[in-house]
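First chain written, first letter: the chains are A, B, C, D, E and F, and each begins at residue 1.
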């Protein structure tokens, strides 16, 4: 006999309800990866409430510089106003809604709507329109400024915005992840800069695939990326590569680290950055603990909830002739539909690096992790096919659940790592999917909370994700 | 704190409810311009109840002539039967629904379905099928005629049809607009004729953009169409162009007029038609008041609710070498989706005009207002981007409203025009968006009335659209 | 006055309710042929409960041979495992859902998921993954085999599967149709084999058009396929072609037969198969009644509910130079959307036929009934336009119903055929649409039954389809 | 306003063309397409003969027996030198919004069939055209397909476009405007 | 019913072709495409050699190691002179609904690679093909892409099509029928 | 990392090319496309000069006055001989999932404009490119359009690709990866 449950396609509500329970078992319903109703709910509850990445300040260095960006699927102008302040303005004219920012990049002191000529300063302030007195003698211009994101904050040049008045400050939202931003991006006096424009491309996949994968799916490199080991692009042997840490930073922010056991270990330090780059890293810019971790770091990868991922790692675009270079790519998984994602990929270097090393770093990162990258190419294949599976009626009626159980239970290989030098909760080695469980737990909380989701500490998060007794490491 | 309202995406019902109130303030919710639920409701409540334009009788001059047309998104055959009567027949075979009209234009005494050969006279009457006796001995053919529009009426050759038995007669539906049809299209003995076939093209915009724009958005010409003034295609200076009348004709029908102050004014008369054309206009065909208005008319533009617009105006396709010619284009904004419209554009001339002038008029109209027209090209830009803005989650959660307040309030530049010679209610100058407010009010009435929407007089309509004391002008 | 019913677009529920009554009158609501809500319900209630065709065993003759197939819109692997058993496995990895079968055809002892390397035997059994012990020490592999269809059965090599535990055995599901499978496909010792791979192509039509048409819409050949008679591809004169039988086999399975009046009739026997083929047909393989019917059979065509149709008929690809050959094509109408179908067409021959005759049979079948077939080409036209009509708002508000009344009532030309030699209920001649009525009745039952639809005998089905007194013929 | 039926006999069959004429026409068409794709509109306009007759007829679906359905009195474009000049002038103003930012276009010119004509100063050339048109950051795009019947004229040692008839393969034009040249 | 693997060695590499052969093949292909796009089917049929072997193999997705996936015994079309004649005859009846009204097609023939063969009376030519197909008033359309391997034969001073293998770039054919010639 | 603006003056106008250069470039491009469409990647790599500079710049939508929007420091591909060799080597492993099963591609190379350059050993050639890309059994497909600016070099009697700049007509790349060569 079929169960009543198997008799029909469940609603979004039911799926979320079932998921509340199944997540404790490390099981996630397939349906959340390709469902129109859930996708609409994500736009409503996740993307218009979370702190979303907008861009890096170095993309708009001068007053008037602007780029077009998206929060979820909605267009915003990322602009530096004449006073130098960074703003995130909704790109819809307050008159009738035409776009006011007609290019994806440029410099403008004003945005002028093409339809009737309403004109705004790059602060968003409405300043006039043709024949203003005759047309709008009584209108209060102040009421019709461009709408702005509710709050905008920047850390090490990375700009985030939220549309929700109830959102906590960015620092609070980031939880323990904040500490790691200093480790990775706070070392040099003049900080980071983006090279060129972000790549953009589309896949017929759900946006969460990328977020999940970068949250710590190291395990897939063993098989999916086997060609990379074979031709020497990635030079750490596959099994050795698993000897690293999974870090829960709370609030759904997750990381995976590969670090040297100590400073004297012969492998790469400081993510493989060239000594000329390492010279720029100054102990004074961070705490000793942070500096120590940076020193020993080989690979850092992670996802800031909901959809910003990063990868800091030594890579080469030409394994035969060029040694690996420290690289940093930051990528955003922008939702475009239940099974459609637009990937944005930025390549980031240290502002004061020699040009030659910037180019090597750029080419190494772009040659491996990008629309054409020989690493990332392969990820599109499973991600797209997961959307196919997740969209089936079979998956819906049978409540097909995906398995994120790796590392659960007392006997798992991966254990809480007492030696982890940073905040949050870490596990070692990387045979575990707890980082993904925490990510989906946070997602589930956003999807089901009517009021703004409360913070979850790394400890709670790691514990709830299938571990009972974990205690975090203070930093 | 977010309001509860900002917490979620409202339903179609809620949006319509909010709009009932906001329209009094001159504010229209963005969501109505790109929403699947509202679009479906429009097809159900607006297009299958209103009198919709089908075509001009001159397109099917002889018995058997037919063209394929649409009411909303549904296909109808516009055909002149053997007795000369114009019919509007649903293009779906009564057997199993295959199309019976396989071309978009032609001449046929019968329509024969390709699937099983059911054959209908061009009146819609079923007359047979292969092996009729064996197959259908008992069937009553009369029960299976092609379905017909509920009512079809024609004025000056312009044919309209409605699918609703409760619809009032066309004259009543048109309200005060009926009077203007004589002014514009009733002057010559042998009337008007369409040249060639209508142009058809698609835009990723909501159909209401075109209806709203032609209802009297003169203001946008100041900025969007500035290139037209610069190269001399449109020869009235921008600001002077605003000195005209906005006319509310009731029932959502709206117009905008430019007229000479008196007969002796040096500018164009009779919409710039050549003296050889003007010779055809006979005072006997209309009332003296109508003739007087026609005489002084320079530009007439407007929208017949819901989606038929027209423009009668002097234009040239080659400003350096050819003086402006009187032109008439009629265009229909056919809904094809929440953010998809198919534009149909007819070019109309006086039947008895010299061929040479017909060609000049055609080229001038088509060179400016058409898929390739140097005027109309630009409109696609804001209209498509408004669909983008209107489709955002941000617009939904924040209840983004568009501003149609121009001309509201006691201190507005635009005032009720006591000197207006026609029926309805007029305002001068054209710095006002009351015509659009009346259009959306009528739309709102169709969208929310379970029974057939009652008539709204021009006075009520203009008053409700943000003016308190207006009294119409009898004609 | 419009009725309340005509005031709005009905819901899927309402349409199904109305259909329950109208079907008794031979009327079927247009809406069921193009409606997103009903399409979703079909996937849930028809395709994931019925026995669906998967393929023919000859497509996977050796252990490890596999092909990719679909049940409804969901992908399944049709594979012969190492022990020779045919299996139907859901193509979604139990880890995270990536496809495990990356080709549409091949031979594999194992399916290895590209994402993390989970590896399954071709029985579906999970056997490992990289670094299994470290990653999954505690995981019970048996719990994570590939999911399988609930039941799989095969008759004369035709493999069917169901996803519903409450489904009856295949024999019971097939009802009286089972008997005819022996007649058509059970004659030769070594049975049938598929030539090449199935053709696949898409149409913007509803999948039920094909099922309905092959269930016994002989009537359409009189007109739609008139060109075939004109150029001699089909050599039985149109009216004579109507002298055949419509057979209700119960449970929605329907057939149409053309048979010789007796063995001595000069026309084709055994579907026109060459004497060299007929030599293979042995009386011992079937009952005498079955052999007699096979002997006299000229054309057999039908639909096995829900979406498998077949046609066994003498045809030629070159009427001038090649005499007609016995042909068998089997085709599946796979749903891809409310107005989108993917057609799969197999060409089947007798395994022991001479190669030369296989080729002639293949070319004759493929040249006529296929994506390029000169018969089948024409069917796409009405089928696609029926989707257009069925998608209109007009059809919805007016409750447009299609006419399937041919052959209803006491005075119909077509009568119950007392001389029919097989089980089920037959009518003669083919001027009747009862076969389609029975098909839609079964569909309606699947669409509205919460528990598994009970069986309907041929007698009930034929009676309910508008005949009162019919009694079946035992075989 | 009537024109000859667009598909009436026009160039002699491809089979009769000589390679030199072919190559001349091919290069001219490639050069023209490059100027348009590169938004070098003023340079493109220099390729236009003062006697230009440039048309894009409306098309309607007709039964097979009634021919390809090109209108003889309805047009999407019907241009002479003056009206083309106005279009070019407009694109040079700051307010040509329809093409600012410009569409990203790619003109695939194939199946070039050319023949000398008249006294040898004219080349009649048919070509197939597929235009890819993208705008903004949408990964979606429009395709415009059709055939062009052109007459090229050599004078003052330059080859210019004297006549163009663009026969679109669409009844409903599948792009939001024809603000680009075909 | 087996054929050689469709993609087996066929024409010599483009690099070895001479321009005259190239131009001959190019013109022939352009002329053929024009006749088909113009619905001049009877004239097109005059270009067909009586010994024609015209095939369109079915394609299935295979792993890289298994090659391009063209069937050697499953076909979308498998025609000889007689069966093509039947298709042409059918199109001339009044009941060829599949193409009445006719599709609006545009054949973009590119990447023409030709070489003389045998005693010089044969030309083997590969070409890339993109067919745009539109019907009725829909702005949407189908595209059919593929490569053609043709053999042309000169006899009686005319060049005719002796063999054609159309290698489609689709496993599931993305159009509602192949009522048009490829 | 800065390159010259991709659309700066590159080849001389098509009008000046000679037919022999044209035909040489045409054949080379057709041959290259054939190898890529046939998945003969190792043979394709033999057409690459050791000094290859192969780039695909990122494109952003800019206002008309700001030009076509090609980045001078952001790239979708930026390859030299070593990195191309790594790509080719990877495709030969058993784990090149992105292209196993391989995409079904069809490269339509049109509007070839070629000119000799330098001492005559170089040919500069622009071409228009439309790539049809299909995967699995989906009837849907991706199209990638763009222009290529290539420099071909003859040495050791073989012609190889020395420079390639692929100017895509898309800001957001409309395919899930660039695991194929453009």
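Quick note on the criterion: contacts are C-beta pairs under 8 Å (C-beta built on N, C-alpha and C of every residue); 3 or more make two chains touch, one makes a residue touch a chain.
Remember, predicted model here, so these are calculated numbers, not experimental data.
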Chains touching both subunit E and subunit F: C, D
Shortest chain-hopping distance from subunit C out to subunit D: 2
B-E compared against A-F, more contacting pairs: A-F
Mean-CA-position distance for subunit F and subunit D (Å): 27
CA centroid of subunit C to CA centroid of subunit E, Å: 32
Intercentroid distance (Cα basis), subunit E paired with subunit A, Å: 49
Subunit D residues counted as touching two or more neighbouring chains: 19, 61-63, 69, 96-97, 99-101, 108, 110, 130, 136-137, 139, 143, 171-174
Subunit B: positions in contact with at least two other chains: 102-104, 114, 200-202, 223-224, 342, 378, 381-382
Pairs of chains, among all present, that meet the touch criterion: A-B, A-C, A-D, A-F, B-C, B-D, B-E, C-E, C-F, D-E, D-F, E-F
Parts of subunit A lying in touch with subunit F, wherever the complex brings them together: 102-106, 195-205, 223-228, 230-231, 233, 317-322, 342, 347, 355, 358-359, 362-363, 366-367, 370-372, 374, 376-378, 380-382, 384
In the complex with subunit D, residue positions of subunit E that touch it: 19, 23, 27-28, 30-31, 33-34, 37-39, 96, 99-102, 104-110, 130, 132, 134-141, 143
Complex interface listing, subunit B residues touching subunit A: 1-2, 7-9, 30, 33, 217, 219-220, 222-224, 238-239, 242, 378, 381-382, 385-386, 388-390, 392-395, 397-398, 400, 402-403, 405-406, 408-409, 411-413, 429, 431
Subunit C partner contacts - residues on subunit E that touch it in the complex: 1, 56, 58, 60-63, 66, 69, 71, 73-80, 82-83, 85-87, 89-90, 93-99, 171-179
For the subunit F and subunit D complex, residues of the former touching the latter: 7, 13-15, 17, 19, 22, 59, 61-64, 68-69, 108, 110-113, 126, 128, 130, 143, 145-147, 169-174
